[in-house]
Amino acid sequence: MPATDRVKQILSWYGSDNPGTKANLYRMLDHGQLAGTGKLVILPVDQGFEHGPARTFGPNPPSYDPDYHFDLAIASGCNAYAAPLGQMEQAVDKFAGQIPLILKVNNSDTLAKIDQPCSAVTSSVEDALRLGCGAIGYTIYPGSGQRNTMYQDLRELTLEAKRKGLVVVVWAYPRGAGLSKEGETAVDVAAYAAQIAGQLGAHIIKIKPPTAHIEQAEAKKVFEKYGIPTATMADRVRHCVQSAFNGKRILIFSGGETRDSAALLEDVKGMAAGGAFGAIMGRNAFQRPRAEALKLLQSVIDIYKAAP
Amino acid sequence: MPATDRVKQILSWYGSDNPGTKANLYRMLDHGQLAGTGKLVILPVDQGFEHGPARTFGPNPPSYDPDYHFDLAIASGCNAYAAPLGQMEQAVDKFAGQIPLILKVNNSDTLAKIDQPCSAVTSSVEDALRLGCGAIGYTIYPGSGQRNTMYQDLRELTLEAKRKGLVVVVWAYPRGAGLSKEGETAVDVAAYAAQIAGQLGAHIIKIKPPTAHIEQAEAKKVFEKYGIPTATMADRVRHCVQSAFNGKRILIFSGGETRDSAALLEDVKGMAAGGAFGAIMGRNAFQRPRAEALKLLQSVIDIYKAAP
Amino acid sequence: MPATDRVKQILSWYGSDNPGTKANLYRMLDHGQLAGTGKLVILPVDQGFEHGPARTFGPNPPSYDPDYHFDLAIASGCNAYAAPLGQMEQAVDKFAGQIPLILKVNNSDTLAKIDQPCSAVTSSVEDALRLGCGAIGYTIYPGSGQRNTMYQDLRELTLEAKRKGLVVVVWAYPRGAGLSKEGETAVDVAAYAAQIAGQLGAHIIKIKPPTAHIEQAEAKKVFEKYGIPTATMADRVRHCVQSAFNGKRILIFSGGETRDSAALLEDVKGMAAGGAFGAIMGRNAFQRPRAEALKLLQSVIDIYKAAP
Amino acid sequence: MPATDRVKQILSWYGSDNPGTKANLYRMLDHGQLAGTGKLVILPVDQGFEHGPARTFGPNPPSYDPDYHFDLAIASGCNAYAAPLGQMEQAVDKFAGQIPLILKVNNSDTLAKIDQPCSAVTSSVEDALRLGCGAIGYTIYPGSGQRNTMYQDLRELTLEAKRKGLVVVVWAYPRGAGLSKEGETAVDVAAYAAQIAGQLGAHIIKIKPPTAHIEQAEAKKVFEKYGIPTATMADRVRHCVQSAFNGKRILIFSGGETRDSAALLEDVKGMAAGGAFGAIMGRNAFQRPRAEALKLLQSVIDIYKAAP
Amino acid sequence: MPATDRVKQILSWYGSDNPGTKANLYRMLDHGQLAGTGKLVILPVDQGFEHGPARTFGPNPPSYDPDYHFDLAIASGCNAYAAPLGQMEQAVDKFAGQIPLILKVNNSDTLAKIDQPCSAVTSSVEDALRLGCGAIGYTIYPGSGQRNTMYQDLRELTLEAKRKGLVVVVWAYPRGAGLSKEGETAVDVAAYAAQIAGQLGAHIIKIKPPTAHIEQAEAKKVFEKYGIPTATMADRVRHCVQSAFNGKRILIFSGGETRDSAALLEDVKGMAAGGAFGAIMGRNAFQRPRAEALKLLQSVIDIYKAAP
């Protein structure tokens, strides 16, 4: 399909990337129900690794099966599906080429109790190529004392990924001894995390929905002095989008913990109104029964279809 | 789009390949007007290098522009577009991701008069990745005294391409001191060339339409003894398809030199009836004015759509 | 021997692997008394490194000799034998090709007292190939502060092993400052460890028999909310199998510390009933006199022969 | 343009560098309004990473856009523009070749609270080459317990940069547990930092304007014994310049936090009088509205044009 | 200097290149008297290697000195200077950064008598970087039986040069047993050579002024059938420009052997009228006394300044 004007505009922000990376970015933007709109809904399933199998798949036992998520991502018309190495590898052969894929190349489990969290690099650019993934996904924990290790591992992966025509998606999740629990989703911190991910060379950035809390004293002064609005979700998302190179990097938002659909969709509406490029929705999707998940994803997709 | 049964069947023949290669094969089979049918029509434009610009583009001057061919391949609904490095690189940035691409990694010009022809390796797997191509294309000249150089260069490219998730397309063009001019398209030679390309590890094989001539004395005896039919194009194509691992490698046929549409389409019908997986049609497409080219390609596509 | 339907089914879960890896997997599944059943009993002998020679071989002095274990594994009709580099290398020459081999490529001793345990990488894929081993074995300690080092070392070994057609067997042994002693075998932790090993790309996963204890508060809520049964060994094993990609990765269970045969076989029956793919039994085998060991192994094999 | 005598003299101090590095140094000295004078004014914009987006870009919202800074640097006639990977990469394609560029290859954020600060290496010499940057920029924190990590990372980057013809610019910012807050800009410490950067192989050194405070007791004795003047900014800058290999390394000074133009320009005059090679001015430039920023930069440039 | 519209248009044809390559291309287009016009005049001096010193420098003895050529290129306001390794290295240190440089990385001498000529690769991308050259230059001999060796060496150099942000300039000089002497500059052959250089990935292509002769019988038919004009230099250059991707690769013309200025300038006028991007003029420049050379180059530059 020839590119829409909106997709062309988005691609124009990635002028330093080679055509391989642009092609993989295009494939994500051209796939699923939101094809051509410049919006994305992505299904990420790495919680088996991050939170353990029972907490992740227990609420909806068919989801223990790696096939389940490929099927859900395809059936719902998502733009892409993201997973760690093993889960991707187990099922990808059957679904090869049917949906753009993001190989989650670092992961962290919650068995070791670590003050300064740091994900392990668990797969590689070479794995992404052999498994047919068009992107690598990587989590950073700004706020952790181990952040430099994560930034530096990312540097090498990013350079190689870009050379080989892959897209780099960064999950920017502030966390660690430097931040209060509330601060992890504070609007100043969320925007800062988006900025850091952008500076590290991410093509697509994923953050959590920002709250009205402001964590850093220095930032608080600036928000007040310049009257940066933070009252509504749309306001806060707008600031985050601006913080991602004035909206010139694709910024998407996670759905957070599982909860009822009405509250979730209300938030999604706010994010869409604030200029979010889309949603990355894992637990809220696959922990519901399949029919409900499809319905919820459809509602999210519809919101983004209607967004400006 | 979920894979059709026919596409699943075809992919099942490539069980030793990694999901990356399967994904790129799937993308070709899932693109354009023939998506899902298991048939392919590909636009190859390497004649600028092979025959020179005037002979190639002179008949239809807009085709001097690399953009022209991307546009033609997309507008006609072809499955893929193939070109050498420079022509690909000049225009691909604008069309990245919009159509599956085959980087033609070896080429031969016709300025040096060489008895034993041999193409030069002119680009690499790394180029294919950075330009967003899902396949490399490579020409072999069975019959040339230099064939081993070509087979050996291909060996290295194939190993790397397969590791990195690319598809390998081999143009098997018998040529050289070992063959008479007529023998280059003889049915025994064409089938033999398809077999060699398959043995060298090609995922997709391209040969020329076979004639009823039989070049090799030893082969002639066998054709006669076992009554292998060669009277019609369908007969001959059937033998070639069988020779490509009993039809378990995708075998497509070139259109040959430019000529009138009626004769060409008659041949295509024969090939489709014989079980050809499709056509790779260069000069007969881009040397016609755009409207005529689109019409011809549509006719070819329609024949393959209707084929069993 | 042609593959049985069950073996075919198991191999079908490894669609992303190359035929080399599949062949080595097939060889394990096609060897010994359990050939063709899809079940495995493996003899692992790495305790000389892990616990010291006297603790390991003292109870049955002939076992000081590396030949002893090859002989035991072959005589008992096990599917495979696993050992560290030196022990493998000392004896393998005599038994080359007679039984599938797993080179244990990392090991830990108990002389250094380390809070956050981490095994050393002690041999390589290259060693496995030169010694005729069809698999590498690797231990991870989820729960250790050093787990990332182990995951990252495994990443590189796995990529190379898979490229070179080897099978990857992961011993997932939760351990370290993040866990209580009881928690190391808690059912939630055991299942989580199986999941992590799967996500890291293991073909075969080995865990310890899970107890009814639940270590993580967050997991406890889920087990209760969704009524995940944990009362019997079969229940707990069933959860672990499900946690290994819904049973699509071969999950086997160790025998634990040496104890009397009756108790052990009772446990093995429970595990077989819960869907375990087999047992990996070291000390309980080789620390008994040879005749007793053969008898015990025969009993275990018989249980798995009879399992559904 | 043929080199001026002053530029030739400066280049003569870099006799051990290859012509590639000299060419890139020349390009900086030959660009913008100060071309040929041997003075430099550089626009650095890495505060988005270092301080967060709102604190950095909030005062002048158009500056959220990476294009803004390229435009400002070009329009003002600066010698060069410095930025981290993402911000550079997002916009550089449009401005390629129009102004000398410094890729800031390490960065630190302020979300993690770390006693002994250490920047992460976030990009590479390879990135600088592919993005068309003629220099890498690197921050060291003399005074931090992590300084050796930074010095050692720099060692590798410097060796590679010099081999590939790039210039190395070092931001020498004393900081960390070894220093009082006041001591970070003390004249003895600033001069010491310039010396360290020079010893580490920097071609261009950036320090903060030194205050009259003397931090180290041992240094205080020497300053007093030999009557090293520190009363005026010119005095202090003179000592720093002397400390940078007797003025044979290009030493430039940052503007510090945003403040009113009169005070700032007074300082700049002092620095120019003391022999500073120029200014590197970030927040004081881009946090003002564009017209004011251009006026301020013009004033700074005029001071350096008039300097001896 | 901000890019002119024409330079922006030219750069837009190189969308697949990284910003590093674009920056070096920009620097050539932005340098000298023709800065911003999209035209180039380049001084190449590799004849010392190709023809020997007496034949090359004898006519104007000061030209034995490598400094002479840097000075001539700078004084005349050329866009760039090209030379082989030794000559470049001997003098570049003094002129570093003052003019864009092309390192001629292959060369051929005329001492060995070879039927099928082939240049030796005499320097590398690494040399270009350490010497501050923004481009590599490479000669191919289409028509030679050794052409494949040259194309394949170029493939590796091109991939590396593009990754490291350099420009690739290809001298396409048909020569060898496949061609008559007259055929080396035949319009069909010249256009073909331009096409081949483009297909091999050249950013800038240099050919010789084409004559009205048509060498290839097959081409002759096409020229006649489609009435491709070849009567004037402008006609022939127009065909060559079209053959270089419809004018989307920079195509420049050499001056050929030394001769009188009037004849030469007449040719240059024709070339400029036909759409040539400029001239690369070696012997006609440096074999004249300096004053005459400057005058001639000024005349050539003036013609291109006045060209459409």
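Order of writing sets the chain letters: A, B, C, D and E. Residues in each chain are counted from 1.
Convention: contacts are C-beta pairs under 8 Å (C-beta built on N, C-alpha and C of every residue); 3 or more make two chains touch, one makes a residue touch a chain.
The structure presented is a predicted model; accordingly, all values stated were derived computationally and were not measured.
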* What is the set of chains touching both chain C and chain E? -> A, B
* Could you compare the number of C-beta pairs in contact for A-E with that for A-B and name the larger? => A-B
* Asked: At the place where copies chain D and chain E touch, is the share of residue numbers found on both sides over half (same) or under half (different)?
  -> same
* Structure fact -> Rotating chain C so its CA atoms sit on chain D gives an angle in degrees, to the nearest 5, of 145
* To do: If we define chain centres by averaging CA atoms, which chain lands farthest from chain B? Would you check?
  => D
* Asked: Per the centroid of Cα atoms for each chain, what is the distance between chain A and chain B, given in Å?
  -> 40
* Taking each chain's centre as its mean C-alpha position, how far apart are chain A and chain D in Å? -> 35
* To do: Mind pulling the residue numbers of chain C that touch at least two other chains?
  => 15-16
* Asked: What pairs of chains are touching here?
  -> A-B, A-C, A-D, A-E, B-C, B-E, D-E
* Structure fact -> The answer for chain A against chain D in the complex is residues 13, 15-16, 116, 142-145, 147-148, 151-152, 155, 159, 174, 176-179, 188-189, 191-202, 216, 218-219, 222-223, 225-226, 228, 239, 242-243, 245-246, 248-249
* To do: Going by the contact rule at the top, pick out the chain E residues touching chain D in the complex.
  => 1-3, 11, 18-27, 30, 74, 89, 92-93, 96-98, 126, 129-133, 163-165
* Given the complex with chain B, which residues does chain C contribute to the contact? -> 15-16, 18-19, 163
* Asked: Which part of chain A faces chain C closely enough to touch in the complex?
  -> 48-49, 51-55, 57-59, 61, 64-66, 84-87, 89-90, 92-94, 107, 109-114, 118-124, 126-127, 131
